[in-house]
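Two complexes are shown next, each including chain A; its partner changes from chain B in the first to chain C in the second.
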Partner chain A sequence: MSEMFIAKGDFPAIIERLMSRYRVYAPVKNGRHYEFAALKEAGAADLGFKNTRMSPKAIFYPQAERMFEYSLAKDDPEVNIVKETPKDFSPQVVLGIRPCDAKAFRLDDANFCSDKFKDPWWAQRRESTTLIGFACNSPSSTCFCTSVNTGPFDTTGLDAMLVDTGDGYALQVITEKGKNVLGILELKPAPAQVAGKVEELKASAEKSVATAFDPPAIAQQGTLDIFNAPIWDEIHFACLNCGTCTFMCPTCWCFDIQDEVQEGTKGDRLRLWDSCMFSLFTFHGSGHNPRSQKVQRVRQRFMHKLKYYQDKYGTGTACVGCGRCVQACPVNIDIRQVGRLMGSGCSCPA
Partner chain B sequence: MQAYTEKIREAAKRLLAEKKVDGVIGFRKGTMPFMNEPFMAKTPEQADLLVWDGNCGINLANYLPKRTDKIAIVAKGCDSRNISIQILENQIKREQLHILGAPCKGMTDKRKIQDELDGKEILQAEEAGDKVKVSGRDFEKTFNRSEYLQENCAICIHRNPVISDEMLGEPVQEQQVERYEDIKQIEAMLPEEKRKHFDELIEPCIRCYACRSACPACYCPTCFVDESKPQWVGKTTDPTDTRTFHFLRAFHVAGRCSDCGACERSCPVGIKVREFTKKLEKEVKELYGYEAGMVQDLRPPLDVYRPDDPEPFL
Partner chain C sequence: MNNPYLPYPVRIDSVITETEDRNLKTFKFIFLNPEDEEKFKYTAGQFAMLSVAGQGEIPIGIASSPTEKGFIKFTVNKVGRVTTFMHNMKAGDIMGVRGPCGNWYPWDILEGKNLVIIGGGFAFTTLRSSIVYMLNPENRSKYGKIDVVYGARHPGLLLYREELAAWEARDDINMHITVDGTTDPNWKYNVGFVPAITKQKAPSAENSYAIICGPPVMIKFTLPVLTELGFPPERIISSLEMRMKCGIGICGRCNLGTEYVCKDGPVFTLEKLSKLPNEY
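Up next, the complex of A and B:
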């Protein structure tokens, strides 16, 4: 792991160099919130953010993706032949991604890019993308990354990581991919005192993240014990069953596939984000719905994230503690509190 | 308004102990500044968790449709109007309800307060009367709540509940305000300006349906966006699909919307969805002289037919 250094004044020029070779995504301020956007000019990148409103998952997994298309024109010799819609897999860099979000993509790989199954588009985009992270010097009060196996300086999912040291950015190169991309930049090695400063920032950042709940305590309990616990009645009451939490979440990966057809002309096969909060999500063709009740849907979201994923993969929760759902839920359903209840032997307080 | 907390708890304990109701729907203190969580107390002990302050902007009527038990519910002016609409529309029976009327001085808009803080994170918010003191790691600032109300609350003209079984406080003074300034500005636009305005308005929409799900008038067993046999509305975030969702929803709540603002408050990306619903509220008021839920047995104009209905748009 080599350390380099970029003075703040040089940063825009560095982004420009990257932009000359890659499509570069970076946090950009849009109204009240930040979002990851493909940069048109280097100056638009703004690292003065805590985190983006939406997770960056759409870079690999767009909310609505045209997967295939087909002609329905009777006189077209290729009528009814389904073809893959052309997609752009040119090399890209995501600059400024937070460690939790990068870790989230690792968790999502279990679904989209495992030894057994490969989603071709997710896999190709992952392959062509280099993640240059940005450590969190001052995590938000809603962050709980350290409770869920990651942290404000966790490099697990990253190819390189920037640390804001005040006058500049220390840059740690983590993978070969990171090394190749950053090689073009001819950066200077970090001055001697930088490594110590980074360690200090890391320690103080990690200390500032509160413990939210204890995933092993949830893992150790019987799945059905939590499933049948009385806690869900109280947890689910306020929930609106909107899609806010799942759409913002970097580890919510569920989708629906639909055909959009223009009679006699053409059709598109779309992949669309879906949400376990929606009753349509589990609505069968027969009319039966195994999760017809709100309480079942709310339970599903938390059980999947905090229990089933742990049970199935043994690599911790399917939540990286980014806190987006905590901040954005309109009725203040707080996964930290739910995690505590799930891990507490299921006795409801008050 | 915080004084209501004690009264709500007292009423809840009494009603639960006397078994007059099975649950009391109110709010409990949230885990975040400026947030409370809708909550149903089912035992006198749980009644002590109930709270009231300027962060109760979610419309509790949303939790009533199709309930079969006996419920006490805290209702602001707007909630009470939606409750009366729900009663008219057979979603809940009047005799199932014990309404605790909460004369209202408006709900705080946390986004407006956050805008004043230059991106600093609010860690605590303490409300006392009209003041709210917010603090974070290295700052503290006090705001006059009345200057930072949700937009719908700032122009609300029905702050007192229209139906109740007991009141939590004296009626508050109703405001004399021009409700439709923003709508008139849009009405004055050229068609292409309007189109641009609305396209920009809904551009950030992620189709999460929080606006719909928070709305006490949106209780259809299957919402039109969830119709699948056949499907009515496309599910992408293309402008056409998103527009269809917003326009249809707005029409569906025309004459039934109380402008409670729950939709706008709930939107995770801060879209002013009330621009749609308010336009229709204005139309219904101008054409039919009707305001949702104000008169107990008067059905919303768009679900009745009268031979003398005005029809200047035909």
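Up next, the complex of A and C:
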């Protein structure tokens, strides 16, 4: 792992060099919030953020995406034949992604790319994207990354990581991919004292993140024991099934597939973010619905994140502790409390 | 990169109305590109996503058998947008098929065993595939006794009536066709619900597996009969239905706990199901 250093004054020029070769996504301030956006000018990038409101998952997996297109014109020799929509998979860089969000994409990879099936759009965008992360010096009160197998300085999902050391950014190169992208920048090695400073920042950031719950305690319990526990009555009560948590979450990947026809003769097959919070999600054509009740849907979301995913892949929870759902839930449902209840093995609400 | 969401184009070769209520039609498809048929190599018990441009996709069990070459068949119940549209399509029209999806009846384990096949209503499609597969001269000797209990509400709702009659005439398969009720004075088969007929015919559980597909109420009342006959949960096999979109275990909606019905199912033993959340 090599360390380099960028003085803050040089940073916009560095972004510009990257932009000359790659499409560069970075946090941009948009009203009261930050969002990841493809930069049009280097100056728009703003690292003065805690985290973006939405997770950056849309960079790999847009909220609405054309999968296929087709002609419905009766006189077209290729009528009704579904064809791939051309897409741009040119190299791109995501600059300033938080370690938790980068780790989330590793967890999502297990879903999109199994041994048997590879989601071609997810896989190609992952392949063509380099993640230059940004360590969290001061995590939010809603963060709990250290409880779920990641952390404010976790480099697991990253190709390189920036650390704000006050007067500049220490830059750790983590993968070959990161090395290749950063190679064009001709950066200077970090001064001797920087490594120590980074260690100090890391220790203090990790210390500031409170322990939320214990994923192994959830893994050890029987699926049906937690599934049938009375805790869900209490947990689901206030939920509005608005789906906000699922849309913001970096590890919520569920989607719908719908056909859309324009002017009667041309159509697209679209992939659209969907949510287990909606009753239509599981609604059969026959009218039967295995998760018709709110309590079943709320239970599905937490069981999937904290229990089923752990059991299926053995790599921890499908939650990285970014805290977005905790911040945004209109009725204050808190996954940290749910995790404690799920792991407690106790049937009484704690 | 191979795109698992992209359907193979197929031409509708024929459409047959199966039932008197006209709610079930069997579609025979021929692949537009002959090499796609080889790519679509399937096993009895699997399903596929049927794709209609401008309408959407639906998961439907494969009714043809892998031993039938040159075409694939699906029997489609008219329930929603895509199926209703399909019921108004005709021979020559172009649509798509994606798959095959999911697992299949465990034919390797079933070798050397007796089979009791129990079906109800229109959930007889992959069972038809299985029966045709087993009765194929190359396969028949691999399996022991075959008993089939198949019921519908009345004779006009039975699928594949000509084939049922042909199977009745054979001596290497015991057919127990039944209807809930009929006014047909010439009806020569059984009258009674599937659980009752299963109990009456009492196929032996000795060295046997049961495969059961049908409406939930039929399954609910047949399972105790099978238990009474001595079938343990690991030798009772069923196939589940779910709302599906991707059909390949990615879109997230058809799970029972850790298992995706589209990829890890739709075929499960009763023993496996008893360990999973019962959200089906």
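General observations
Please note the rule applied: the second predicted complex is superposed on the first by the 345 of 350 C-alpha atoms of A that agree within 3 Å, B and C clash if a C-alpha of one lies under 4 Å from a C-alpha of the other, contacts with A are read in each partner's own complex, and residues count from 1 in each chain.
Keep this in mind: a residue touches a chain if its C-beta (ideal position, glycine included) is under 8 Å from a C-beta of that chain, and two chains touch if they have at least 3 such contacts.
Remember, it's a predicted structure, so these values are computed and weren't measured experimentally.
Overlaying the two complexes via chain A leaves chain B and chain C side by side, clear of any clash. By the document's definition of touching, both partners, chain B and chain C, reach A:Gln258.
In the superposed model, A:Leu224 lies in contact with chain C only, and not with chain B. After overlaying the two complexes on the shared chain, residue contacts for A:Phe283 are found with chain B and with chain C alike.
Of the two partner chains placed by the overlay, only chain C lies in contact with A:Tyr70; chain B stays clear of it. With the two structures brought together on chain A, the opening angle seen from the C-alpha centre of chain A toward chain B and chain C is 90°, to the nearest 10.
Chain B and chain C never share a C-alpha pair closer than 6 Å once the two structures are laid over each other. Applying the stated touch rule to the two superposed structures, the overlap between the chain B and chain C interfaces on chain A comprises residues 256, 258, 283. The touching residues of chain C, when paired with chain A in their complex, are 1-7, 9, 32, 51-58, 79-80, 83, 93-96, 241-243, 245-246, 248-255, 257-258, 263, 275-277, 279-280.
Remark: chain B residues 30-32, 35-40, 45-46, 48-49, 58, 62-63, 111, 114-115, 119, 121, 123, 137, 204, 206-210, 212-214, 226, 228, 231, 234-238, 265-270 touch chain A in the complex. Those residues of chain A that touch chain C in the shared complex are 67-68, 70, 72, 79-82, 84, 111-112, 114, 116-120, 123-124, 223-224, 227, 253-259, 261, 267, 269, 274, 276, 281-286, 290-291, 296, 300, 303-304, 308, 311-312.
By the touch criterion stated above, chain A contacts chain B in their complex at residues 30-33, 48, 50, 53-54, 63-64, 138, 140-142, 237-238, 240-244, 247-248, 256, 258, 260, 270, 272, 275, 278-280, 283, 326-328, 330-334, 336-337, 350.
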